[in-house]
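Since the structure comes first, as C-alpha cells, the remarks are kept for the end.
Chain naming follows the written order as A, B, C, D and E, and within any one chain the residues start at number 1.
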Amino acid sequence: MKDESTPGVAIRLNQVTKTYGSGNAVVTAVKSTTLDIFNNEFFTLLGPSGCGKTTLLRLIGGFEYPTAGTILLGGEDIASVPPFQRPINTVFQNYALFPHMTVAQNIGFGLRMLKRPRHEIAARVDEMLKLVRLENLSDRRTSQISGGQQQRVALARALASEPKVLLLDESLSALDYKLRKEMQMELKSLQAATGITFIFVTHDQEEALTMSDRVAVLSSGEIMQVGTPHEVYIKPANHFVANFVGETNFLQGRGLNSDDRGAVIDVRGVGAVAIATKDRVAPGQLVNIVVRPEHLRILPLAQEPAGQLTGSVKAVSFCGAETQYTVELSRGAAVVTVRRYNTPEENLPIAIGDEVSVNFTPNSAQILPA
Amino acid sequence: EGNLNIYNWGEYTSPELIDKFSKTYNIHVTQTDFDSNDTALAKVRQGSSGFDVVVPSQSFIPTYIQEGLLAETNPGQMENAKNLEERWRDPAFDPGRKYSVPWLWYTSGVSVNTSVFNGDINTWKVILDPPAELKGKINIVPEMNDIMFAAIKFEGGTWCTSDKALLTKVRDRLLEAKKSWLSIDYSGTLKMASGDVSASLDWSGSALKRRTQNHSIAYGLPKEGFTYGSDNVVVLKDAPNLENAKLFQNFIMAPENAALNSTFAKYGAAIIGAEKYYSDDMKGAPELTIPDDMKSKGELLTLCDPKITQLYSRIWQDVQK
Amino acid sequence: MAKAFPVTHQRGFGTVAITTFIFLYAPLAVALVFAFNAGTSPAKWGGFSLRWFQSAANNQQVISASILSLKLAAISATLSTTLATLAALAMSRTPRFRGWTLAYSAISFPLMVPEIVTAVALLVVTATFRGWTGYSGLGYLVLAHTAFCVPFAYLPIRARLQTMDISLERAAGDLYASPWNAFRFVTMPLLFPGILAGFILAFVTSLDDVVITEFVKTAGQDTLPTYMLGQVRRTITPEVNAIAAVFLLISVALVMCIYVVNQRTKIN
Amino acid sequence: MASLEAVRSKSASRTRWLLISPAVLVVIIGAIAPLLVIVTYSFLTPGPTGGVNYTLSFDAWTRVLFDRDVFDDTLTLSGTNLEILLRSLLLSLATTVLCLLVGFPTAYFIATRNPLNREVWLLLVTVPFWTNLLIRTFAIQDLIRNEGIINTLLIKAGFISEPIQMLFTNFAICLGLVYVYLPLMILPVYASLERQDRSLLEAASDLYARPFNVLREIIVPLAKPGIIAGSILVFIPAIGTYVTPILLGGGRNLMIGNYIEFQFGQGRDWPFGSALSLALMAIVMVALLVYIRHGDSHGHEHG
Amino acid sequence: MKDESTPGVAIRLNQVTKTYGSGNAVVTAVKSTTLDIFNNEFFTLLGPSGCGKTTLLRLIGGFEYPTAGTILLGGEDIASVPPFQRPINTVFQNYALFPHMTVAQNIGFGLRMLKRPRHEIAARVDEMLKLVRLENLSDRRTSQISGGQQQRVALARALASEPKVLLLDESLSALDYKLRKEMQMELKSLQAATGITFIFVTHDQEEALTMSDRVAVLSSGEIMQVGTPHEVYIKPANHFVANFVGETNFLQGRGLNSDDRGAVIDVRGVGAVAIATKDRVAPGQLVNIVVRPEHLRILPLAQEPAGQLTGSVKAVSFCGAETQYTVELSRGAAVVTVRRYNTPEENLPIAIGDEVSVNFTPNSAQILPA
C-alpha cells in the first residue's frame, strides 16, 4: 500500500487510536489522531504530563501497536514492522546508553546490528564523534562522562545509522538550565545539518516554541492545534492552547456586533471592547477575550484618563528584567497580569493598592469561544 | 567389585577392617552411622534405604526377621562360621544363624569418672538417683530399651512388666532423674574423656575405650540387674549389593578381622581365636568380662511384646521431651 | 572544636557493633586455630601441627562426602540458576499479568517453610517413590536441592533486573537488534553479575544444607554437612576444624568473588 | 489492526509461561507437593512399622494439643507437647529479640560509616553467614564446652574455679541460634537504615529532639520494615531449627524440629509428625501474616 | 557575651570561615564572611551551585561548626549550642517530613520534644494548620499529599515552635513551574504575617529578586554584594553579580573622559559611547559597559540611520512573549543579545543575516571595572 500522493510527508498518522487496559479500566492514551509530519522538519509534540506524547512516539517507534488506525512511513504502512526493522531511531529520555560499552561502541551498536563491515562502522563512528564533538572521549565508559556529553552520545548513536526519522522523548528535561539552553541550540543545528526529520517531545512550552518548525499541542490524547510556534502563540486555536502556551489573561464577555474587520464585545463590568478579528461573533454569544500580559499597558489612573479597563493593583513583583503587576479589574471583571520591562532609571510609580488604567490595542487581543 | 553400604553404630567400625575388606575384594565401601536401634529400624523400615548391611542389637533381630526386612543369607553355613564361639553359634534370636553374624558383644552398665565420684558404681543409682557430685554431669545414651531396663530394675521390677503402679514409679523416677542429666546423647560417652560428662549409661567397650584415654574412668555393672547382648550384621532384603554383603558377613568371621574390630571399638569379639590379635590394652580388661558374682544379675536382652514396647516407648518419649 | 554536629551519633552503638563483630569472628577464629592443633581435642591446645588436615585428606568418607557436596552444589546451582534466570526474565520484563503473584509465591515458597517441614515431607515422598520405582540415585537430592535453591538464585537476578533499565533493551531494539541480539548483547552482559550472584548464592545454599539432605539421602549419599552432623555419633577431633578451615576458605573466596564483581559492574 | 495487538499479547503470554513454568514446576515437585502429601498423612493413622494406614483419623491433630495418658488413655491438655511448642516459641523469640538488640546497633553502626567502608563492614557480616551452619555451630560448641576457651580463660583469670556448664543448656541453644542467624537480622535492618534520609535526623534535631529522642522517634520507627523483615527471617529458621538443639542442646532440650524428626524416626508416628509439621507451619504463617501486614506498609505506622 | 549595640540584628556572622577536609584537599566553603541579618527580614542567599549557600545555612542552624569566626543570635554567641537547643528552625530542601507521622504529628513534633502540654500542642497545631490552609489534611500521611502541600507542612512544622529565625534551603526548587510561583507568593505573605526572620537560599535569580527584602549574592564562599533586589539588578557591584543576576551584555572599552554626570568610553570597533554614571573613569582605564538585553533597541539598518552600534543578526529565537536576537557587532566588538516583546500583529522584519542597528540610552548602561 504505497501512498504516492504526498511526497513531502515523512510520517503520516491516520486515525490512530491507542488504548491501554480493558474492561472498565480502559485508558485512551491517543484518540483517533491524524497528523502529517514532513521531511526535514523539526516537529514538536507539546503537552502536559499524561497527554499521550510518549505513547505517540512509541507508536511511531514501533514499541506499541495502535489499537486502531495506520501509521505510514514514507507512504508505507509499518504496522507489522517491528522496531528493529524500522529506519526510525529514538533518543530516550534517560539516554539509555549501554553502560557496559564505550562511547564508540554505543555509537556503533546500530551499525553492528545491521551487519555493516567493520571499517565502515569505524569510519561512521568517527564521523559521528566529530559531529557531536566528542572525538577524545571515544573510549570512555558512558558512566564516566557528563550529562550533556551522554546526551550527545545518545544523539550520535541514534543518528549513526542514518534513520529517516529521529524521535526525541523529553531529551532535555533532565539537564540543568544552562546546559539545556546549550543543547537546544545544538539539537537545532544538528537537525539542520543532517536534514533528518526530528520528532521532539516536551512539556516545556518555551522549549517547544524556541526549537520547532511546527508544534502540535496535545491534551488528553487529542491534538489541539498544529502550527508554527508563532501561530500557536499568537493565534491559539482554543482555550487550552492559549492557557498552556505562555501566560494569558482571559476576559469573558458577550458579542455585541461584528464585521469583517473586528468585533465589539461587552465585557461584564467594563463595557464595550473592540477587538480586531476576522472571526464573526454572534450577538449575545459568550466569548473569551485573550490578551497576553506583555500586550497590556498599565498606567497610574491619576496620571492619565481612564482607558478601556481600570482596576487596583494587588501585587507588584520585581523580576529583574521585568516587573509583573497583578491587577484586579473594577467591578470584579477579572484579575489580570501585566508585564513590562523595567526601565533602568526607576520603576513605574505604581504600588500595591494604586488605581490604574489597563489598555490594549484591538490588534493585540484574540477572541475564543468561552 | 562394586559397592557395599554399611549402616552401623557410630564409632563402631574399624577403618582398617574396611580398608582391608575393600582391598581384598575391590569393593567400594560407604558407611553411615546410627545412634540407636530404634533409629536404625525406623530408617530401614522406610524401605529402599540403599543399605546392604545393618548392625542391630540381637534383641532387634527377631523384629527384623518378622517384618521380612532381611535376606536369608545363611551365614551359619559360610566358610568362616566355624570360628563362631559356641555360645553365639545358634542363638535364640536367630536359630541356625540364617540371617546374622555377630559383630561384637557388650554389656550395658554405667561408666563413671572416679575422680569426680568415687563411691559405689555398681548400681543404677549413679544415673537414676545420682549423688550431688554427678548431678548435671550425666549422659544417657538414647537407647530406649537399655534405659527402660535400668529404670525397671532400679524400681525392683522385672523386664517386660506391664504393672502400672511400677511403671508409674519408673516414669516418675526417670522424670526426676532427668533433671540431673546433662544430655541424652550417643556421643555423650565420648565426651567423658573431655570432661563435659562424668557419668553415663554406657556399654562395656565404650567404657574401656574411654578408660584408655582417661584412667579415672571406671565401668560398673549394676547389681540391680544389667543386660548383655551382641550386635549382629544382617543383610537387608532390598540390598543393592547382596553378594558383597555376603562376602562381608563371611569376612568378619575371620579371627584376625574380628580382632581389628575389637581393637578399634574395644568390645569383645564373638569369634574363636580373635583374642590373640587383641591390642594390649584389651587383654584382661575388666570391662570385657562379667565377674562371676555378677553373672546371675545379667540378662540377655529381648524385646517385649509390641504392646508393652509401645507403652515403654511412650514413657520414654515423655522423658525425652 | 568538632567539625560538624554528629547527628547520626548514638551513644554505645559503636561498642555494641564492635562486640558483635568479635562475637561473629571469635568462634570461627578459635575453630580455625584448632584446625592446627597437634592434640586430639578441639578445645585443648597441644601444639601446632597439620596432622588433622592430613587426616581429613586421607579420610575416605570425608573425601567422598566433599566430592558429593561439590557435585550436588554445582548441579543444583546450575539448574536452579538457569530456571531462575528464565523465570526472572519473564516475570520482570513484562507488565504484571494474571498469575504473577501465584508464580512469585510459588518461587519464593521454599523460603517461607521451615526446613525441617520440607525435609520430613520430602522424606515421606522420596521413601514412597523409592519403594515404587526402586530408583535410589542422586536424583532425589538434586531435585530437592534445586527446588530450595531456586528462590536463592532468583532473588539477586530479579534484583538486578529491577535496577536494570528496561529502556536499554528498547534502545537495542530501536538500533536494529533482533530480540535475540538484544538479549545477547545487552541484557545478558548486564544481567551477568546478578546471575553470578544467584549462582553463588544457590551454590553456597546447597553446600550448606544439612537438614533436607539428611532426610532425603540414602546409603552412601553423605554430603560434607551430613557427614559432619554424623560427628555427633563419633569422637570429635580437630579433623572437623580442618574441614571447616577449608570450607571457610572456599566461602570467603566466593563472597569476595561476588563482592568484586559487584564493585566492578555497578549499574550507573 | 486490533487483532495484531491481540495476537502479539497472546504469543507473548505463551512465551512468558514457557519461561516461568520450569522453575515453578521444580518448586512444586520439590517443595509444595510433598507438603500436600503430609497434609493428607496428618489425617491418617500410623502404620505398625512406620508409614501410614489409609484410615481417616483426627487422632494426630488431637494429639498436637492433647495427651492420651500412657496408662488409662484419658485425654488431658498435653503438657509435654505444649511444653515443647512453648520452649521452641520462647527460644526462637528470645533469639529474635537478642538478634535485634545486638543486630540493630550493629546495622546502625555500619549504615553510618562512610559509603566506602560500609561495603567492607557489610562483607564482614556476610562472611560468617556464608560459612557452613554446622561449622559455625561446632565452633560455638568448642568455645563454650567445659574445657573450651571461655571456661579456660575464666578459670585462669580466677573468676571461677569450676567451669560453668554452658554447653547442653537452653542458653547454648539460644547463643547458637543468635550466632547463626544474626546476619539475617543485620542485613535487612541495615538495608532499611541505609535508605534512611539523613535530613530526617537533622530535621528532628532541628526540632529540639535530643539524640535519644531522634533514635526513638525517627530512626527506629522508620527502620520498622527492616526490623520486621529481620525478625521474620530469624524467627522462621530459629523455630524450626533441628541441628542446633542436637549439637548444643545435648538432645535433652528438644525443640519442635527434633520432635517432628523423632516422629518420623524412632517414634514411628508419621501422621502425628505430619500434624506437628503443619502446626509449625501454622505458627510460621501467622508470623508471615504479621510481616505482610506491617512490613509492606512501608513502616508508615506510628506507635 | 551579649552584644547590646545592635538591637535590630537577628543573626550576625562575624568573620565566619568554614573549611572542609584537610591537608591538600581543603575546600573553603565559606570565606571569612561578615553579615548582619535583621529582624523581620526576608533575606535571600543567592549564588551558583557550590558557592556555599547550604554551608552558611547549616552553620546558622548548628549542623556545622565554623572553622573560624563567631555567629551571634540576638547578640549571643551560639557556637556551643547544639541544633536541638537553637531557637532556629529549618525548612529542608526535600522537606524532610517524617513519613511515619501524620501531617498534624509532623507539625506538633517540635513542641512535643519541648515537652509542651498536650492541649497547648493541639491548639498550636490547629493554628498552624489554619495558617497554611491544610485543616482538612491533618490526619493524612505525608506521602498522601501533594508537593505543594508537603512544602506547607514543612513550613508549618518549622514555624510551630515560634523560632526566632527560619532557614529555608532551596525550598522551592523541587516544585514545578506553576506551583513554584504560587508558593513564592505564599512564603512571602507568611513571612509578613509571622514577622519571623526568613533566611532563604536559592540559586534561581528570578526567585531571589521576586521574594526578598534583601539579597546576598555569593560566589565561591564569598559575598559579592548585599542589597535590595533592585540594587542588585540595576547596580550590580561587579562582573560576577552582573552576569549571574539576569542576562547581560558586556562591551569592553577604555575611559576617554568622565565628569559628574557621566563618562565617555571608547569601545573598540565602535567608537565613543556616552554612559550616565556617577563613577569616575580614568582616561585609558579598561572598563566593561553593562547593558541588559531588554534595554537594547534593535532596528533594521536599512530602515533607519545607524545608531551607536551596528552588526549582523546571528540568530533569532522566538520565545512566545519575547523574541531574542543574537547580534554580532561590527568589527568583532562583541556578540550581544537583544530581547523585545513580540507585537501581536507581526514580528520585526529582522531575519538571520540582516544588518541591524543596536542602540541604548546612556541611562540604561552601567560601568564596571574590567
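Here is the rule we go by: a residue touches a chain if its C-beta (ideal position, glycine included) is under 8 Å from a C-beta of that chain, and two chains touch if they have at least 3 such contacts.
The model shown is predicted, which means the values in this text are computed figures rather than measured ones.
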| item | value |
| --- | --- |
| Shortest chain-hopping distance from chain B out to chain C | 1 |
| Two chains sharing the most contacts, counting C-beta pairs only | C-D |
| Farthest chain (mean CA position) relative to chain E | B |
| Geometric centre distance via CA averages, chain E-chain A, whole Å | 29 |
| Centroid spacing, where centroids are CA-atom means, of chain D and chain E in whole angstrom | 57 |
| Distance from the mean Cα position of chain B to that of chain A, given in whole angstrom | 92 |
| Residues of chain E whose C-beta touches two or more other chains | 63, 82-83 |
| Chain C, residues touching no fewer than two other chains | 5, 7, 41, 43-44, 123, 231-232, 236 |
| Contacts with 2+ other chains: residues of chain B | 46, 185, 194 |
| Residues of chain C defined as touching chain E within the complex | 1-5, 7 |
| Parts of chain E lying in touch with chain C, wherever the complex brings them together | 20, 62-65, 67, 79, 82-83 |
| Chain E-facing residues of chain D, complex | 197, 199-200, 202-210, 213, 217-218, 221-222, 224, 298-302 |
| Chain B to chain C touching residues, read off their complex | 3, 5, 7, 9-11, 30-35, 46-52, 185-187, 190, 194, 240 |
| Chain A contact footprint on chain E (complex, rising order) | 185, 205-206, 209-210, 229-230, 233-234, 245-247, 292-295, 317-322, 339, 341-345, 347, 361, 363-365 |
